[in-house]
Structure formats: C-alpha cells, structure tokens
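In order of appearance the chains are A, B and C, and numbering begins at 1 in each one.
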C-alpha cells in the first residue's frame, strides 16, 4: 500500500498507461517544463521527454482539435485543460468533433482521447474560473463523463479512461488535489459506469460526486448524532449513469437528497432526480430534495462564494427537510 | 427513348412550383445546361436549366399552372422524330385536385327485427360490473396528500388513507403514519375496510325446476290478470280470545285455520268469489266446491296444498289437515291432486309480523286473500283507550270476474266472521 | 449627426494580383504522361457528373439537408491527390463529395449516403457534409473546425515516425479567418508538423466576396509570412498548375518536415450550396467563369497534345454519367436504416476494434 495525494494518484495513472502503451501522450498548457499548473504531471517531462509530454501554446481549440485528429489516426492523447473553464474555447472541437466522429463516420473512426483538468470552484477565483461543466457536456451523446472524489478512484478511473476507445471528460477538483489516501501499490482499475455506496444507511440516500462528497459525509456525521442514518452514494461516473445502484438504495431508504456543485437549473441533479422518480416513484416517501449551486455566476467575495455553493449546513437542512 | 422533366425541388421547403415561363418551345432542341424554364417557388422565381440534352416534344404544365415536386412538366426525346405515343411519365398527381364529394351514405333503413309478439317478454339484463371504482369518501373534497410509498402500502394493506392522520409536511401521510395504523398495534386512527370487489359484480344462478314454474306462473298471473286490491283491517281481539279458548281444549289451531273457515263460509255467501277465469275460452269459471289452496313455504319455493270442501270442515279438522298437508308439502311428498286445482287461495305472512301485503292471484282462480300479522293497537272501548289487536287482510281479485263492489262485500263478510268467531262454530 | 460606418472595401473591387506557381502546361503533361492524365480527366468527369446528378436527386426530394457542390473546383483536389498520393491523411470541409470519390468512396456508397440509406458511406448517419473514406477523416460541417483535426493527423504521423506521410487539409477562403485556423497554423509552424494547408479560394464565402471578409490578399502569401512557413498560390482552374504546385510542395515538405500554406484560386459554378441562388454574381460573371472550366482546359490541352479525341472524351463523360446513374439506382433501391439501430454506434466498442488496447 502507499499513501498518496490525488495529484500523485493521477500522475501514477498517466505514467503507468504511458509505460504500457507508447501511443499515450500528454499535451496541455504548462504540463511539461512547468511540471503542470497543479503539478499533476510533475517530473514527467524528465522521464518521457518533450515528444510525449508536450507544452502547448494557449490554443485550446487548436490543441484539443489536434488531439482529436491524433486520436482518429492511431494515437491516444491525454489533453489537460488547465481548468475546465478554458475548455469552452475548444467547445466546437469537443462538441462537433470529439463526441460525433464515431457516429458521423458510420463507425469508421473513433476518438480515444481523455480530456482532463480541474472542474468547478477553487478559492475565490470568481465568475469566469469556477464553472462546473458536467451538465453542459453531459447533454451531448457520445461522451463518457467521470468525476472521482478520492485518490483510489482517481487513479483507477483515469487508467480506465485512458484505455477507453471513446472520448472521456475527466473532471478533477483543484481544492482536492492534495487529499491523501492509502491506495494499493499494485496496479488496479476502477470500472467506468459504476457508482459506489460508500456508507450504508437506513433513513435517507444522498447521491453526489467529487468534492461535494466531503460535505455530505460531514453532514451525515452530524446527523448520526441525532440517530439519523444516512446512506451515501458516490457516483464516480456521471455518464453513463449507474441508476441500478441508486434505485436499489432509494427503494430501501425511500428518501433521497441530491448534492452537486454545479448550478441548479438543468444540472446533474435534475437528470438524476428525474431518473430516480422514473424508477422509484412508488417507493418515495417524500419529494426529492437537491442541494446545488445557486442561480448566479460565482461571486468573488468569500462570504458570497460560500453562500452560493453547497455546504454541510445546507446538506443537513436538506436531509432534515426530506425526513419531515 | 422519351424521358420526362419533372418539377424540381428548388429550395429545401418547396412543395410545389408554378411555371412562369417556358424558354423553349415544342420541337426545340435543348442542350444540357441551357435555360429551359422559369419556376416560381415559395421563395423566389428561379431559372432551371436542362440537365440532359434532348428534343422538347410536349409541355405538360403550361405557363401559369402549378405542379408538385417531381410531377412531370415536359416530355423530351433523345432523337428528333421519336414517337412519344404511349409514354406515360410516372409522378405524383397535380396539386389541389378537387376532392370528389363523397356520395352521402343513405342511412340504411333496414327493417328492424320483426316486432316481438305481445307474448314475448321484454328482456331485462343486469349491467356489467364496473371495471374500476374509486372509493370516494364524502369529505370536504380535499385530496389527501400522501407520499407514493404511503399510497402503495395503503393499497396493499387495504387501509383508507383519508382516515390516517399524516405527520409529513402539510399533513402529508407518509409510510410511518401507516405503520401506526396497523391493526395489531394500539389503534389511534379509524380503520375502515375497503371493498375488494368491483361494484356491480353479480352471480347468475340458474332457476331450479320449481322456481322456473313459480317464475313463469307468477309472471303470467301478474302480467295478464287485471288485479284489484281491497284492504280490510280486522279487530282480532275476539279471534284471539277464541283461539286461546281452543287451547284449553288442546286444540292447537292457528289464526290461519280460523281464516280458512271464515273464508269458506263467506264463499258460501258469495259464490261468485269462488270463481276463476278460463283464458283459453275467455269464460268465467264458477267453482261448485269450495277448495281452499293454502300457500305453504317449502324449501326452494312455495306450494299450495288444497283443503277440499273446506266449508264442510270445522276448525279442528282444518287445523289437523293443514298441518299434515304442510308437513308432506315440506317433505315434497304431496300428490298432484293435492296441490293442483283449488277455487280460492289464502296466503298468510302473519308469522313474519307484517302489517299486510297484496298477493298475486293463483290462476285460474280469480281471488286470493293475503293475511298479515296481528298487531297491538290502541282501540276505544267503553270510552277508554285500551290495547287492542288488529290484523290486516288484502283481497286481490281478477276484475274480469269480480267487480270491486263484490270484492268489498266479500271481504266485509270475512271480517264479520273473524270478528265474531262464534259464527264459525255453526 | 449621422455617420455610417464603412466596413470593408468600397464597392469598386480591386483585382487581386496572384503570383501563381510557375509551371508549363506542356512540360507538366509530358511529365505526368497520358495514362495518369486521362485518369485525371476521368476523375474530374466523375466528380462533375456526380455533383450534377446529386443536385438533380436533391431537386427530386431524394436528398435532404445541405448540398455543397464542388463543380468548377475539380482541378484542385484531383491535382493534389494525384500529385501526393492516397496514403496520406486528408481532411476537408462540407464540400466533400469530390475528395471522398478520390479517396476511394464508390459512387454507390456516396449516393446512398446522400439518400440516407443504410448502404451509405456512413450508413446514412452523416449525409452530404460528412463523407469519409480510408485515410479521409471527413467531411466537416463547422467552418474551420476541422483544421485542428487535420493538424492532429500531421502530429500523429510525426509522432509515429511515418516519415513519408503528411496530412493534407482543404479549407475555403472564408475559413482562414476562424480562430481555429490561426491556432492550427501556429501549432504546425511551432512544432514543425507536416501539414499541407490548402485554401480553396473560390472568391465567395457564401454570399460574401473574399475582399469583404479577409483583410489581406493574396491570402496564403500574406498569412504564411506571419507564421514563418512557405506558401504557394495556384491557378485552381488549371489542372497542370495545380499538379505541379502540389507536387513541388509535397516534395519540399518531405524534405523540410515543415507545414505549407497553399492557396488555389478557382471559381465555383454553383452557389455556396443548393439553396443559394447566387444572386451576388451576375450571369455574365458566371459565364465568364465557366470559360475557365477545368475540364475544358484539361480536355483542350490533351486534344492539342494528341492524347485524346473528342469522341474519347464524350465516351469518358458518358461512362462517368452511367456510373452515377447506376449509383442513383443503387441508392434508390437500398434499404432505409432500421430505426431499431438508432442509438447504436454512438460509442466505439471497448473490446477489440481498430484501436484496441495492446
């Protein structure tokens, strides 16, 4: 076993896959000589050289499209967006090309590319640097969307993503890169498309992913003191959605709270919630409750940022609400 | 080889076009790419060039007329003198064809099934049971808010949601509220059973032979005999007293035995009541003997054993005979001549305590006397109100044979005898 | 106070002076020799007939959506593919029927794709704008959006040390002003990616004259300087000039490994797409353009050089026409895709397949 931060787990995943397959390479801004804006690719230039760890100019559209072209012609690129906010510059490449090529070409060409980077809010980085993109790209058929919450899942899922023959949107979190966890030293994979019940409970199910799970756990710990038993599900993969795991849980607890960092309107909770009521309508003892980012661009001020994002207190209140 | 030029689709939304101008005329040689025709579309007037070279031989859609997409508008041939005879280009039909008005269908005046003879019964059949039925309770009209789970559980357990107090937000009934409404726990809430079968569910039972006969006879009697009814209350005090007196002599006569004797004697005074109607011959039957049919309830129905020459038998004899006949009737051991026939029928429901009732005539007889129970009632005796007894009789009579006046007089005679039972002694 | 903003050039159009790549028709013809020249003519005739009949099919309602005809520009892609060969990675815009045919897509499968049938080039999923072939990465709908993808193919051949391969990217002159194109040129120049960018300048971006859209002309010559790469300008109506220019550029790229920006100036004989009546061009302008019909130029040259007769030409044309008519029949008789397979094929299979994990 080894204790690693999430950034190190990700680095190990990339490194192992590059060892395994010479077609895998990394490109993005500051990934090589700077050792990565968030140090995920630290030391990799020294090991692999500039032919496989490639610093790009600030041309998201250009290098995302380049990666897509490379993927269609035999390579397996990993594209780092310094943050997912910058992916919007490359939106046309992602939306018109990456998730369309296999279908549009009648199965002739596929796009085995991983787009990865930190998603969501950091610390007071304000309106243009705090987007959660999963609901935006999630609306388009053809993407696999992954959002691990811990080092173990991060490594296992990134390896699976790199091995996938399809375009993957891999969402990390800047504030969590330093989170430590004990993970196996031997190679392992985490399957794409499987959620995980990380805590069993009786009274209510909470479904969330990525950084918000921390807050869910805190809220659940608090409420456990009041005798409320909360079951927590970590989605791990957002799309394809593991609805059977979620439905089984909701059928057991009859109440459900959905927590996401993204905005409330047409967010992931909206899709999740709909699918839950679709499959579990007769087992619901209360309406679904969701805790999301509120309907405003991310404000700069610390106080406002905290107010708009989900936090343990809002999640607790939501659980109590659903138990009413 | 002839070939056609069809109306081209000149814009993605175009559905039909109008020929504005033909730039070639019949007989012209047209080269590929030469301007052939101008077409007005929904958006603009567009010039259309010939695709293939050929000779224009016939214009199918002249200037000013419209054609739908792909409709042939001209016929060409590859060579100048080829025949186009018999060449029918394929394509959709011209637009805006007048829809031929459908000949209105005459409502078929089929003769309905031959009207049933007056003999045939109208049919009365039950409605089928309801497919579903929502048990609505007369509450204030408010929906009961209940979670889907609560609704599901309530349905499974046959619990009535409106009787359960909800502890969820806005009084919503949740599953935990149903837990409290379980029968094996201290019940705080009312529990009401829900019906399990749909409204209108029924079972159809075939008639037994006896019931078939009863049904047929009574149906016909009620339908075809013009019944009139005459009611008379009897002061039964004396009758009751007489009966009590008989008991002292160990004669256990029933009230009905007295009625039989009274009717028999009254029939002697009114022989026209001791009659019937022959519907075959459409004639009155005047019975010469007084044979009283007494309705006896047996298992599965009703039968009428006959006291023959009832006017010649005293109460005691009548009592013994009727008991014996009734017993054998109940055992199904009556001979046909013991229940077929009779000149007058008496039906007594006094043992059930009813005030009175009107019976159906037993044809071919013309009359039947229905006897109710003896009830206590206030009477005036010697200027004081004391407790008395009354008994209700109703005579049903066939008005083809018996007029109202006669029926009235007859029943008054019966009354006379019952109110002065001593008269029954002679 | 009212002022109107004068955007773009004033109404009087300045004639742009092009410095075409120097070539001698006869010399080039002698180098290429008759069989290849006849093949080139045949290919151009196939493309011309296909576009004509495809349009006719559209006008019968059999083809839907958009239809961008390549008529008039045949010399460019025919010249390029002949000069460079089919083993490279090719990418182009939605005006992609010609390239697909040149890269091995059969008229049958192309027409069936236009008709939306299951036997189509992309099983009816792509349509006119998204034709594919072996080594042809598509048919793309977003103006300029494919240029980074083509650049990625160049990256790929370099990464995999495929020294004799390049990536060839066709785009219109309207696309050069998209950000994606600038990012691509910068990346290719910065990293020395072997990408041949070919600007097919047919003078009109839909209804906008190139002088109202692009700040500097000639486009390739002006832009290439900014990126420090080589540029060439070709007469897009002249097959020989195209062939010579592409051949030269290709050989140079194999030597230098540097990207090249080529502008081929041509005329398209139709509107931007089938729904464009092209009222921005007068009939006379169109007539004049058609005098430079590349097929006419090639045919005339071949006849002059005794390599072809008028009858042979007619026969070739007829053959291509028959091929296309047969394709239309094939398409017409082909089955529609079964709706049950609608959601299949969105994802590539994870096990096996061409990119299966080693």
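In this section, contacts are C-beta pairs under 8 Å (C-beta built on N, C-alpha and C of every residue); 3 or more make two chains touch, one makes a residue touch a chain.
Since we're looking at a predicted model, the values are computed, not measured.
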Check your understanding: Which chain's C-alpha centroid is most distant from that of chain B?
Key -> C
Check your understanding: Chain pair with the most contact pairs?
Key -> A-C
**Study point:** Inter-centroid spacing, chain C versus chain B (mean Cα positions, whole Å)
**Key:** 81
Revision key, fill the gap. Rounded to the nearest Å, the gap separating the Cα centres of chain A and chain C is 40
Check your understanding: Roughly how many whole angstrom separate the Cα centroids of chain A and chain B?
Key -> 68
Check your understanding: Which chain C residues reach two or more other chains?
Key -> none
**Study point:** Multi-chain contact sites of chain A, meaning residues that touch two or more partners
**Key:** none
Check your understanding: By residue number and range, which residues of chain B touch two or more other chains?
Key -> none
Exercise for review: Give every residue of chain B touching chain A within the complex, in rising order.
Suggested key: 147-152, 168-169, 172, 174-176
Review point. Which of the residues in chain A end up touching chain B in this complex?
Key: 254, 281-286, 324
**Study point:** Residues of chain C defined as touching chain B within the complex
**Key:** 52-53, 56, 58-61, 64-65, 275, 277
**Study point:** Of all residues in chain A, those that touch chain C in their complex
**Key:** 20-21, 25, 51, 56-57, 59, 61-76, 92-93, 96-97, 101-112, 141-142, 144, 163-166
Practice item. Would you tell me which residues of chain B are touching chain C in their complex? Key: 6, 8-12, 44, 46, 51, 69-70
